[in-house]
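Note that chain A is present in both complexes that follow, paired respectively with chain B and with chain C.
And then the complex of A and B:
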């Protein structure tokens, strides 16, 4: 009985999870090209001293992502052998890019010229925290300072 | 109130330092969201309920930090940092801290 439930979850996770990931990646790529003209740097000293600054903003973006059951299942198997676990890599990649895009979207709304000191933080939340068996749920949080020059 | 995560306020001169200000909040999601999240966990992807919850919580932490800075008479908080920690199952602490300063 338990095996059937597991199998159903794995199949359900595989079909919808793969489709959802593909859609998400397409959307990420599309929005990344749209927002490419806002430069984002991780350093804090990329500010043009010669230009007058009109306003300074605090920007943030967050995204909570979770693994589907299929990927979780395979990650468990992969853990046995060790090495690269690709399903976790793509999950975190998606989460990080999505969070950065949300931050950039806020920057676009505020008409920011440059984003400086971009920081990315990842933390485990939800039921997985503190438990040995992972729930596979992580939060990616990005924050930065947006600078708008006087035109 | 100006908030930055760099050790200065671009274009403005810092005239006074007030020291550390911080704000924190501990949040748990209600059971409904918990069930929805575990259902969404089957297919994977983004858990919107959690994203929203954490955004609300973080804004609350920032608000508390800003309030503390205002009490000191500051008009900007620089070098803001965040930290998130899970204290028990299903609850997270969000902490924001920075340096309160006065700019001209």
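And then the complex of A and C:
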């Protein structure tokens, strides 16, 4: 009976996961185009020294992504052979892009001209405290400095 | 340096190939590998097991206890033993000593235990009655298991299965439980093949002893009324369906020219 429950979960995970992923990617792409005019760079060298700075902000954006059953199952059987775990790649890609978008959203609210020193961190949650069986999820956290020039 | 806003071309982090295709491919490959390992080890077990001398098999067996018997059962056991001895004379297992034991339960079954103890459940005796030839049919089937050393093969294969499963479940994940339950099904297929072989052995033996095998078919017919598993679920069963067994026996008897 366990076999059927497992198969149902995997099929359910695959169908719902695929649909959710498609919708999310569409939304990500749309918002990325909208927010493209706010430059975000990892270095601090891009600050225009000729302009006077009006304000400096601490910006952050976080996103927690969880696995669906199919992604987890896929990763587990892939572990037998090794290699790319495609199901995790898209998940983390979505997480990173979503977190950056949230950071940019904040930047736009504060009317920031340039985002510098952008950093991305990840940490696993839900599987900590030595628990072997837990539903894996990852928090992607981005932080940066927002610069607003005097107009 | 001037900043020019631009969306990068394509999603480099998103895999191009279909994830479902990769998934099915890996799953299939893993099944094949595990199945091959199982088949290979099973094949060697069958060879080794058949070489285990009879005396050692007796040593391997641990003592087990059957509940206390009343007089009626002891009498019946004696009768069954006589029938069994009559059968053994016609086999090439004359140097082995077989013992019949009756176990009181409603279950309709008989077992061939390692070491030569045939356990007949009283439930099956109730159905087939006192007819010597019918009882002989059941005993002959169990003798078939001894002739092929099926009981030892089954133990050996179970051991391998446990070994593979332990190795798999050590990784403690969902995938291994999937493989575990599907391997169980393979084991059942093997078990059904053993039953078929034992049936055919019984047919030969009964014909040698009584010159007829009508009773064997009658016994299977009688038991078929008590079949618990529906026909289309026979994949999940240790025995083939009675209908199948009767068909196979009739076919075999016809080929050998036995009178039914």
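Just so we're on the same page, the second predicted complex is superposed on the first by the 144 of 151 C-alpha atoms of A that agree within 3 Å, B and C clash if a C-alpha of one lies under 4 Å from a C-alpha of the other, contacts with A are read in each partner's own complex, and residues count from 1 in each chain.
Definition applied: a contact is a pair of C-beta atoms (placed from the backbone, for glycine too) under 8 Å apart; a residue touches a chain by one contact, two chains touch by 3 or more.
Source: prediction; values computed, not measured.
On the shared subunit chain A, the superposed partners chain B and chain C are arranged side by side without overlap. Residue contacts after overlaying the shared chain place A:123 against chain B, while chain C stays out of touching range. In the overlay built on the shared chain, the residue A:33 is in contact with chain C alone; chain B does not reach it.
Set against each other, chain B and chain C differ in how many residues of chain A they touch, and the higher count belongs to B. Judged by the touch definition given at the top, the superposed model places A:144 against chain B, while chain C stays out of reach. Shared-chain residue A:16: touches chain B; no touch with chain C. Of the two partner chains placed by superposition, only chain C is touched by A:6; chain B is not. Using the contact criterion defined above for the overlaid structures, shared-chain residue A:86 touches chain C, although it does not reach chain B. With both structures placed on the common chain, the touch criterion links A:73 to chain C but leaves chain B unconnected. Of the two partner chains placed by the overlay, only chain B lies in contact with A:64; chain C stays clear of it. Legend: residue contacts after superposition of the two complexes on their common chain; A:42 is shown touching neither chain B nor chain C.
Fitting both structures onto chain A leaves chain B and chain C with a minimum C-alpha separation of 13 Å. The touching residues of chain A, when paired with chain C in their complex, are 2-3, 6-7, 14, 25, 32-33, 36-37, 39, 41, 45-46, 70, 72-74, 76-81, 84, 86-87, 89-90, 92-93, 114, 132-133.
Contact residues of chain A toward chain B in the complex are 9, 12-13, 16-17, 20-21, 24, 44, 47, 52-53, 56, 58, 60, 62-69, 71, 91, 95, 98, 116-117, 119, 121, 123-127, 129-131, 135-137, 139, 141, 143-145, 147.
Within the complex formed with chain A, the chain C residues making contact are 1, 3, 5-7, 11, 13-15, 17, 19-20, 22-23, 26-27, 29-30, 171-175, 177-178, 181-182. Note for the complex: chain B touches chain A at residues 2-7, 9-12, 37-38, 40-48, 50-51, 54-55, 58, 80, 82-86, 88-90, 92.
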